[in-house]
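Please read through the structure below; I'll follow up with questions.
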Amino acid sequence: MEFSRRTFLKGAVLGGAGFSTLGFDLTPVYAQTQSLKISRASETRSTCPYCSVSCGVIIYTLGDKAKNAIPQVVHVEGDPDHPINRGTLCPKGSSLEQDILNDRRLLKPQVRRPGGTDWEDIAWEQAYAEIAQRVKKTRDDSFIEKDASGKTVNRCETIGFTGGCTDTNEFNYLVVKTMRSLGVCYLENQARV
Amino acid sequence: MTNGWIDIKNTDMMLIMGGNPAENHPCGFKWPIEAKLHRNAKTIVVDPRLTRTAATADLFLQIRAGSDIAFLGGLIHYAVENNRIAHEYLVNYTNAALIIKDKFKLPDDGLYSGFDPERKTYDKSTWNYEEGGDLTGKPVEPTPAKQYEQPAPHPAAKRAVPAVPPPPALPPKTAFDLSLQHPRCVFQLLKKQYERYTPEMVERITGIPKDQFLKAADMFTSVRKDGDMKKVATIIYAVGWTQHSFGTQIIRTAAMLQLLLGNVGRAGGGVNALRGHSNIQGATDMAGVFDILPGYLKVPTPADTDFAAYLKRITPNPAKPDPWDSFNYWSNTPKFAVSFLKAMYGPSATKENDWAFNYLPKADRNYSWVNLWNEMYEGKVKGLFAFGMNGVMIGPDSQKNIDALKKADWLVVCEIYPDETSEFWRAPGISADEMKKINTTVYRLPGAGFAEKDGTFVNSARWLQWKNVALPPPGQARLDQEILATIFLNVRELYRKEGGKFPDPILNASFAYTNPYNPSLTEMAKEINGKALADLTDPKTSVTIKAGQQLPGFSWLKDDGTTLSGNWLYCGSWTEAGALTQRRGTEDPSGLGIYPNWAWSWPMNRRVLYNRASCDLNGKPWDPSRRQVWWDEAKQSWVGNDIPDFKADSPPKDHMGPFIMNPEGVGRLFVPLGAMADGPFPEYYEPIESPIANVLHPNQSNNPVVKKYKTDADKYGTVDQGYNVICTTYRLTEHYHYWTKNNPMNVQLVPEPFVEVPAELADRMGIRGGEKVKVTSARSHYIAKAMVTRRIRPMKIDGKETFQIGIPIHWGFRGIAEDEDKTAKTLTNQLTPTVIDPNAYTPEFKGFLVKIEKV
Amino acid sequence: MSTAIDRFDDKTRGAFGQIGQTEVYEGELLRHRVYTRFLHWMVALFFFLALFTGFGIYMPWLFRWFTPIFGGGPLSREMHPWFGLGFVIFFGLQALNWIKPMTWTAADTKWMVNLRKIIGGQEKMEPPDTGFFNGGQKMQFWEIASGCIVYLITGMILWFGARVFGRWAVAVSYVLHDISALIMLGGIFIHIYLSTIGQSGTFQAMIRGAVSEAWAWTFHPAWYKQVTGRDPVGACEEARRKASAK
Amino acid sequence: MSDRKTLQIKQISGHSGPAAGFDMQRDYEVCKLIDTTICIGCKACEVACVEWNDMPFTPTTFDNTYQTMPSTSYHFWNLIKFNEHQREDGTVQWLMRKDQCMHCADPGCLRACPADGAIVQYTNGIVDFQQENCIGCEFCVSGCPYDIPKFNPATKKVYKCTLCSDRVGQGLEPACIKACPTGCLKFGSKDDMKFIAEERAKQLRENFGFEKAGVYDPQSIGGTHVVYVLHDAENPERYGGLPKNPVIPWSYTVWKWLFKPVLGTFALFGLLGVLLHYVTVGPRRAQPEPPIKERES
């Protein structure tokens, strides 16, 4: 059946060609494809921040990292060398470009004062200073050096720290160093839940 | 994961349960698919819903959420009954032959021996091995308890003056019966324990029809048909097992099943936890949680009056049958602990001041997640940092968390998107007047996204992989490490100027970074790996490491202060050869998917844990086609395609156990003493909110050691109150927690929240797909559109028709859809109960009771 | 029914007669009223708009040069159905206007039989029973009328597309639409030819609305007789005599 | 241009027959293999497609399904169709099929398209729309057996999957193929894909109990450059309306390849006829005419 169908097609083609006074020209046989949008972008190898498969991703940014060019992401694709994902990405990983380049990103420090009904802008240095004062006051107000039975405990039970799932090991180490040094016991992380 | 993502391709049989890898780990799921394609591997999926994982399964069983132990216990019963067990493995690599104290009692009534009903805790002294020798073939009589010699304490422990009698310890020489016939040997106890988990019982509890259960049981245990050891089965799970009031015990049941079948340590085997996030494995390794210090060192308690006491408590001694050997790797704990304190406090940690041990807070109770919010709700916790953590959304009982934050003095949020936690004060339902009464000061600091930071993540397979910076943070956003370090150094400056309560640890925390206000993660990573503080020489090989050089591995760590290491597990990740976490070698000579030169995995680049167990007693691989490691007689050493997770020069004849992190050296079917809060064997308990009383022991329906919270916010529902539908929560593949609701691409894929409702239930209630429904629990309610589906079927639980529904967790009150008013702005976790697993302290997000109605 | 149409036609004819005017000079007859002429040219305008946009769709490789007038190929395609709709509406009004004179009669059949002689130029005068419209004109009228119905149906199917009507309806409509257009196109060539250079004196009938009496007795003798009461052959002979007398 | 190759054209819409000299260069046919039996409906391909092609986001609404939208759209060329199929024994099979252009060997769209160069078929089998030549007539929509070409009312042109001809032309695999986590999507030569597909179908029949498993590569349109492995190749309709025997309406074939040029010529004959009439017979005049002075023969 296939043969006869193809024969028919060929016949039709020839028939058409017979009338190709109305359609015959030597249109270029090659079509130049659209240029590849990432062909000159900078490549950065990274790791997807979502699940624990840790897919390798390549972040393509605009510019060749020359000083005057501020890189902006143009595309994110899987890293074909990565042994686990081998270039594949899930729908979340595939949409990482919109995670990096997203108009909902927070861009400046803000504070909500007691009783406030909206955010107020605050300078970084001001925020740091206020936070440090609050941390110190809260700690000093409640620090437990010895428990009821007289054992040294050196606890600060009134401050909690909750860490996120995308905090790097190095950052988490800094958390342990700073928070344990403050005496924080309520040190928890997405890892728990 | 004991194994790794790629390793799953080596399996012959998969049980995927309590997890939905196709949806939550799609790129990892390619490896189960590879096993299917290239090994004809079969997949059994057990889940409350027909998920996208189940869509590819060879056998799908719909289970009642939370009844997993009954199912797995049934599998154990089936394997034992049908002799589908790995006998040699069982006898030699597990504690099946070890004999348990005669006072130990199995929980026929739901309680093990030693329960204290008032404190709701166990006295676990009977959960221990009998001391003695080889009882194989000997008459079965209870051996008299006798005083055994205390193990030699660690040198540092000599100064310890115990104020209270020491807690019971494992006997150094355990009694054993290699014929597994002794009625009190672990195997016989296990057999007895799971005798009650018959297929009929499984059907009553789980709702899985008996014939389907038997089909699954036959399929899964078929890898050990006729005692053949070549085939391997794997178990893959995720938080569908963790998030229960008995979550840890579900996982233990799976581990026991795998030990029975001899699947642990083998390529294509193991018990594989699919962690849900990019770096919560790392966060656990690095002790982002209250109960540990980096590298799983136990957190100090007030009883650890000095460093020696602490070491004595946390350093185990070998406990094994006398003829066997045990590596007992945790005996190196003092080296890890001292090196950690040196990393924390540098020169301020000296032998004289107990390595600054007192700088560390001593935890005397549970400071875990739910307790944190509970204490804040009670007004005790005054300040909270949230770095990329949306505690309001995560719950459980989100409303309680919102109300808790109202009582805090201050909240510092570092985020990249506007989130519910930082905006708790304007959560839906809070009026302008109420808002003015909320006195919490909230700082919201713009942090950096993943592409803007470097550093390492640890994946589920324990791989540490360095990622590079692609672009700078936008606007005024700053790097998280800069924010945290600057806050800390500002606090330090205040203490330096003004003094205050116990400023020593703050002033002396080692911050010798090039730019302490913005420490580079490279420097942090090198410090985590550790370096020599003095010239070190290995007496065996005469290799020397100069002071200041990076350490090549944790075997170099010392307990005399001459080494420093932020986390012993990661020691070896950034050596003098550079960052091994940045390696990009793509070669895999064995074809087993080991990729030894890609990045670096803990411990010491081993890709499959306990891989000694992949060989028989003589050190030959069980399956010659999947050779991971083996004993090389000529070299008198363990060699292989993977790094042997074993003492390299311990010959098979020494019978050293492959489970080197256990004092026994063998895998634990029975968990002695205090490692588990709720029993040495898993026992089936009902979820806190359950439609039926426990069929096994109606008088002890729930996990006996689980405590409910007692504030006015903590409410628990029953069927009598009308909460007659079982509800489970989950993620969708198109979304990631509370993050992608800010990503228009993902919002496009799944634009709105929904509730999955079985078609039969929908018919009964007159609900049609797309109509809004209200789901109410004892805590609160949730409103979303109904997805009416046949993928969830009605089920018979103990003969009673029961329905389950499911709710994805992704929507809150800030997000693209939310800001466009396309959702009801209710949070899934407003429904979930405040109850936690007694071992891992994880909340019971799955399997709680609700009622459902049309809006 | 017909009375309603008559009333409508009378009303609009009257209204258009107020707007414009037709001057009939000595020796001339009123051929087409303002309303008729207006409709004709509207039909013609929309026909050509639809034709040119249609060409761009029918054979873009040949007629692409038409498309920039309408803003390019896609806009040509977008406008085409609207032009077509205009054509159909105006032609519909014209059909109402002309439905009576266009009614087919025995004379038309006779005319058709005689067609070869007329084309060949052997018969200088139309048969004496040729009325206001001859058989050829009526045939074209009814061809266009039926073409319009085909256009309307197939055009709607093509306009709303496969999503509404299914792909087979579109695929068939496409062919019918094109065939209808090609037939009409062939007819239009003849129509234009005969109304301009092919038959002198005709064009003014649609421009000024008046024709010479000679034109009338030559091409539409029965109509001439009807409006003047004189015998067309006699009138022609009289004119011939007058001319040769000069 | 310096790149190794551009794509060689085999057929061009609006032109009958193959493009002149289309066999100037050797080429093999490419093919996308979609194994529905290991598709997990994760939609990575959907996202990869939207991302690579920089398409805007479509507002969607919940419609009692996991499916992103009812059908592909002009800026959503790749859609997984979700279907719940209840087997005779009452159990439910959840079928997922990636829907996109099938890149037919005999493309109905190309046959229907009147615009020259608006649709081209490369010798490697990719059927590509060249929007600069598209006139938005939407005939391709009806020519397609798979409801793939979609009209964008803003640009008034039609769009569909290009099989990432820009990537393939540069030696890369299509974006969806690269993203697919489970490898249910594969890309390579048609021969290789057919081989892998048949092997997989055999494996499904022999080892996994899918007795009707088979490969979808419909010969009624000369085969496609996207082939499916189906659990049940006898009922492709279950997978979101995959036609068992896709056909191109005969009217396009007959009309476009034969009668259209012929009838077009006939229409021109009308013009020719009147011209000949004028120069031979001459115009008709109102009688009486002026006397004839002289007449040729």
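Going in written order, the chains are labelled A, B, C and D, and every chain counts its residues from 1.
The criterion applied here is as follows: a residue touches a chain if its C-beta (ideal position, glycine included) is under 8 Å from a C-beta of that chain, and two chains touch if they have at least 3 such contacts.
Quick caveat, the model's predicted, so the values are computed rather than measured.
The chains touching chain A as well as chain C are D.
Located most centrally within the structure is A, per distance between chain CA means and the overall CA mean. Computed from the mean C-alpha positions, the centre of chain B lies at a distance of 50 Å from the centre of chain D. Mean C-alpha position of chain C lies 42 Å from that of chain D.
With centres set at the average Cα position, the gap from chain A to chain D is 36 Å. Distance from the chain A centre to the chain B centre is 25 Å, each centre being the mean of its Cα atoms. For chain D, residues that reach two or more other chains under the stated contact definition are 14-15, 42-44, 46-47, 51, 116, 181, 183, 264. Of all residues in chain A, those touching 2 or more other chains are 22-23, 25, 78, 85, 88-91, 93-95, listed in ascending order. Chain contacts: chain C has residues 59, 61 touching two or more partner chains. Within the complex formed with chain D, the chain C residues making contact are 56-61, 67, 73-78, 118-121, 124-125, 158, 161-163, 167-172, 174-175, 178-179, 182-183, 185-190, 192-194, 197-201, 212, 214-215, 217-219, 236, 239-240, 243-244.
Per the touch definition, chain D reaches chain A in the complex via residues 1, 6-9, 12, 14-22, 24, 42-44, 46-48, 51-52, 54, 106, 116-117, 120, 122, 128, 130, 165-170, 172, 175, 178-181, 183, 219-220, 222, 253, 256-258, 261-262, 264-265. In the complex of the two chains, the chain B residues touching chain D come out as 22-23, 26-27, 29-30, 33-34, 36-37, 40, 50, 52-56, 58, 60, 733-734, 744-752, 754, 769-770, 785-791, 793. The residues of chain D lying in touch with chain C in their complex are 14-15, 112, 114-116, 118, 133-139, 141-145, 147, 151, 155-157, 249, 251-252, 254-255, 259-260, 263-264, 266-267, 269-271, 273-274, 277-278, 281-291. The part of chain D that touches chain B in the complex is made up of residues 37-44, 46-47, 50-51, 57-66, 68, 84, 86, 91-96, 181-184, 200, 203, 207-209.
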